[in-house]
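Below is one structure, written out as structure tokens, with a few remarks after it.
By written order: A, B and C. Residues from 1 in each chain.
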Amino acid sequence: MPLILDAATAPTLKELLRAIPESQSLVSAVHNGERFDDSHVVQGIGPLGSASPSEISFIVSPKYQTELAQTRACAVIMTQALAQDNESVCREQGFATVLCPQPYLLYALVARWFDQARQPAFVPGIHPTAIVDPTAQIDPSASIGPFVTIGANSRIEGQAQLHAHTVVGRDCVIGQASILHAGARCYDRVQVGKDCLIHSGVVLGADGFGFAPNPAAAPGAWGKIAQLGGVQIGDDVEIGANSTIDRGALDDTVIGNGVKIDNQIMIAHNCQIGDHTAMAACVGIAGSTRVGARCTIGGAAMLSGHLTIGDDVHISGGTAITTDLPNPGRYTGVFPAAPHTEWQRNAAVMGQLSALRKRLRQLERG
Amino acid sequence: MPLILDAATAPTLKELLRAIPESQSLVSAVHNGERFDDSHVVQGIGPLGSASPSEISFIVSPKYQTELAQTRACAVIMTQALAQDNESVCREQGFATVLCPQPYLLYALVARWFDQARQPAFVPGIHPTAIVDPTAQIDPSASIGPFVTIGANSRIEGQAQLHAHTVVGRDCVIGQASILHAGARCYDRVQVGKDCLIHSGVVLGADGFGFAPNPAAAPGAWGKIAQLGGVQIGDDVEIGANSTIDRGALDDTVIGNGVKIDNQIMIAHNCQIGDHTAMAACVGIAGSTRVGARCTIGGAAMLSGHLTIGDDVHISGGTAITTDLPNPGRYTGVFPAAPHTEWQRNAAVMGQLSALRKRLRQLERG
Amino acid sequence: MPLILDAATAPTLKELLRAIPESQSLVSAVHNGERFDDSHVVQGIGPLGSASPSEISFIVSPKYQTELAQTRACAVIMTQALAQDNESVCREQGFATVLCPQPYLLYALVARWFDQARQPAFVPGIHPTAIVDPTAQIDPSASIGPFVTIGANSRIEGQAQLHAHTVVGRDCVIGQASILHAGARCYDRVQVGKDCLIHSGVVLGADGFGFAPNPAAAPGAWGKIAQLGGVQIGDDVEIGANSTIDRGALDDTVIGNGVKIDNQIMIAHNCQIGDHTAMAACVGIAGSTRVGARCTIGGAAMLSGHLTIGDDVHISGGTAITTDLPNPGRYTGVFPAAPHTEWQRNAAVMGQLSALRKRLRQLERG
């Protein structure tokens, strides 16, 4: 990766820390090393193993001490304890040490600072190629990109950004400072809260999968149930690339505040997801299931429909949940992988488990 | 959710039922309640628990009687039997009762009526920003939205709707009254039947995943097998958001009439899906597998390639199918989830099943 | 499927083979049959069972001999051995026999020839509706389609094709002769090598799923970790429709040369995929996992984060990998499907496996 900032615009370490208000209380001391003086600029942040001499780095655990001893970073964020344990390494390596009781938090703040520093200037206004319905309300401080379409009666609030090819249907709201990345799409009657981040290819408000048998049309035929509800997304929600959240059949599908949804996740009609719940990629949640607050759902986990999952439930990746989980805790159901021939031997017994149990009982009875 | 229609345009209950021809034979009687008279307008439909006083609702099972006793709906669709069992509730609540032997069917019809009533007027014609190849045939009653592109020799039939950013390649057909939602894409030689509903982000006709080892290029290298086939979609098919159906290697990939495909489903090259088969979200079907008619496939089920699945086969969610299933019936294969520590205890035994069986045999032999 | 070429432009068999340089060494002999003479044109290629009299076909295994006896193809590629075993069939059927020791390879070459023959002429240049940043470098031999957007400092190399609605962010590279199909999207700082094929709906470089607990904001709240890395895609990589590859947190996410990625695959931030590894549809790989070279990963397999998978590892479809796999070999972990009631009987025992093992031990101890 090229450096984030060029040398001319990059800050010195002092300037960088001064630009991050939280560092005042977080950083207890900064010791310049031999390779570092106050004029040295910091052009980016990198992991210990690959940081360049113009980048700052960080160490969160003693298990990375080998990398620390070899890092080319010009400065390293670490705890005082770790600095003491590695005093000679720090001296020999000659980087600056930034002492901080929470190195991961300071890393996050520094990363955010660099991320914002390299963003192009925000350009409010409506690109001339965008097609905006005359009844839509666009805040003058919002940014509407090329080839965007916005339907009737929709409202785009201040500082919101709609990147190229985004589509916002009728009667929608995109809340303040929310960002829709290129090609994200909202059907009609979708409400997105404030400070949301909706990634490319996300589809909000497609029809829920609702059908009723319609044997009058043909044996086995399905009749469509119109999906009249909408989608409500809370504030501070992130939705990853190509995820889909369907509109409700009658009521809305509801995503709470602070929910974090990774890529390629499917949330079906009428689901309700509680505040601050996070789910990793490829999760699927079937219709009308309610997930509580502060849950975590591992990648590729699948939840059946019409379930109630309580608060603080943690579901392991790859697990299929088919019953209510009212109580907090961690739940798992993954078939352990093994070398193929070993799996074959054991999988063959799966179909005999019930019979084996009977045979065991008979033996026990003598 | 806001009400579907405003009071000025909403129908009275009588007008609503009159507008639904099927209700003539379905509705046996309507009894106005205390809160309802013939001038009361119905602005939408909602579930018992959340319907507003301007909305109609319905009850399909006695288990919702608690909600019935508290509903604010102005009218409720129910069977005569249920109305009799809840006579005092109906009287006290004061809603109108719409007696009907099949409340769910009438709900579906009412929902469809409201859905159509709120649709914006259909505007035929080609948006000036659309790019249509001069050899493409666009029926004058079709509607081609902004930023659409349509390739050479393609045909868009009457009343078809191509929403913003849809792409139709060369030599395609989009059948009568079919709808492609924003950003749905057809590669070359894709045929979509009549009355289909293709949601946003769907990709029809991307290359099948066909490679042959090409060790001449590099050890382990793959050579691409050109995918010459196309995709054929029958009539009355719905395909959910971000699903993908690949083109065949030589023959076409074929989706039968009335097939219902939920979101994020993957159907690989050369598959054939029988009429009226329905599959829930996140299903994957590998190449050349044939699925019969009237099957149902639960969410996140996975079918291996080159299988033959008969008619009327029902596969449970999360199930991996790796062998032919010629006979009708329901098939399942899900690892049951459990509290994590319990799972750990039992999963550890999975690798010993075959050994356990042997030990059991030895005990039996004495 | 209609024929690939019309009779006027289609080659004779001799012309077809002459147009494929490799056929000189591959084809040992061609015998015209009764239904075939040197003036017969070949308009396409089809499977034995459905090829028309104007199409060539091929047979790779004796198990297709029944289809061979009934094929309508005008010419069939086969080995000398198979031709001898089916001498009378070949004579009676009257097709031309193309003798070749590797019929599948010749099929692939013929298919590729037809695929290229039907491609519309490549039109270099920038479509007038495309929006290209003035600092971007577009090779004059590249083809930029309608409604494409290209950001600052990006470089599009020679013969590259960006189809309709593709988006290329800032500081990107699209390598020579690479193709981005309609609606593929690259965020900022994504590098795609040469000769790559990126299908519709692919998203490269969306934010990795990185959050840290932020209890100061709210109990259970998550704070976003800026994702500063990029994505590097090697040469000769194919990425299937709607797949997503996230940008790294600090370093880049890296996809090696010759990697083949099917549809709807998710590769999380900081993953590294070795050269020539192929993965079937719906695979998910969690963050920071490294997969070696020449691996194959079956459909819907899921890999946990921070794993190391060695070279030449083959993971079966539907398998969840939760531990390192340093050694080559095939690994599997799928719950075998069964008729539902049978599954129920056996799945009920899953929660007792550990207890059963204990009971067995007790019996063994007498």
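Everything that follows uses one rule, which is that a residue touches a chain if its C-beta (ideal position, glycine included) is under 8 Å from a C-beta of that chain, and two chains touch if they have at least 3 such contacts.
Source: prediction; values computed, not measured.
Homomeric contact chain A/chain B is classed as different-residue, with under half of its interface positions used by both copies. The two copies, chain B and chain C, are related by a rotation of 120°, based on C-alpha atoms and rounded to the nearest 5. Mean C-alpha positions place chain A and chain B at a centre distance of 27 Å. Multi-chain contact residues, meaning those touching two or more other chains, occur in chain A at positions 129, 147, 165, 183, 201, 242, 264, 282, 334-336, 338, 350, 352-353, 356, 360, 363.
Listed in rising order, the residues of chain B touching chain C in the complex are 129, 131, 147, 149, 152, 165, 167, 170-171, 183, 185, 187, 189, 201, 203, 206-207, 209, 211-212, 217-230, 242, 244, 246, 248-252, 264, 266, 268, 282, 284, 286, 302, 304, 315-316, 319-323, 329-336, 338, 342, 345-346, 348-350, 352-353, 356, 359-360, 363. Partner chain C is touched in their complex by these residues of chain A: 1-2, 4, 44-47, 50, 104-105, 108, 111-112, 114-116, 120, 129, 145-147, 163-165, 181-183, 197, 199-201, 236, 238, 240-242, 257-258, 260, 262-264, 275-276, 278, 280-282, 293-294, 299-300, 317-318, 334-340, 343-344, 347, 350-354, 356-357, 360, 363-364.
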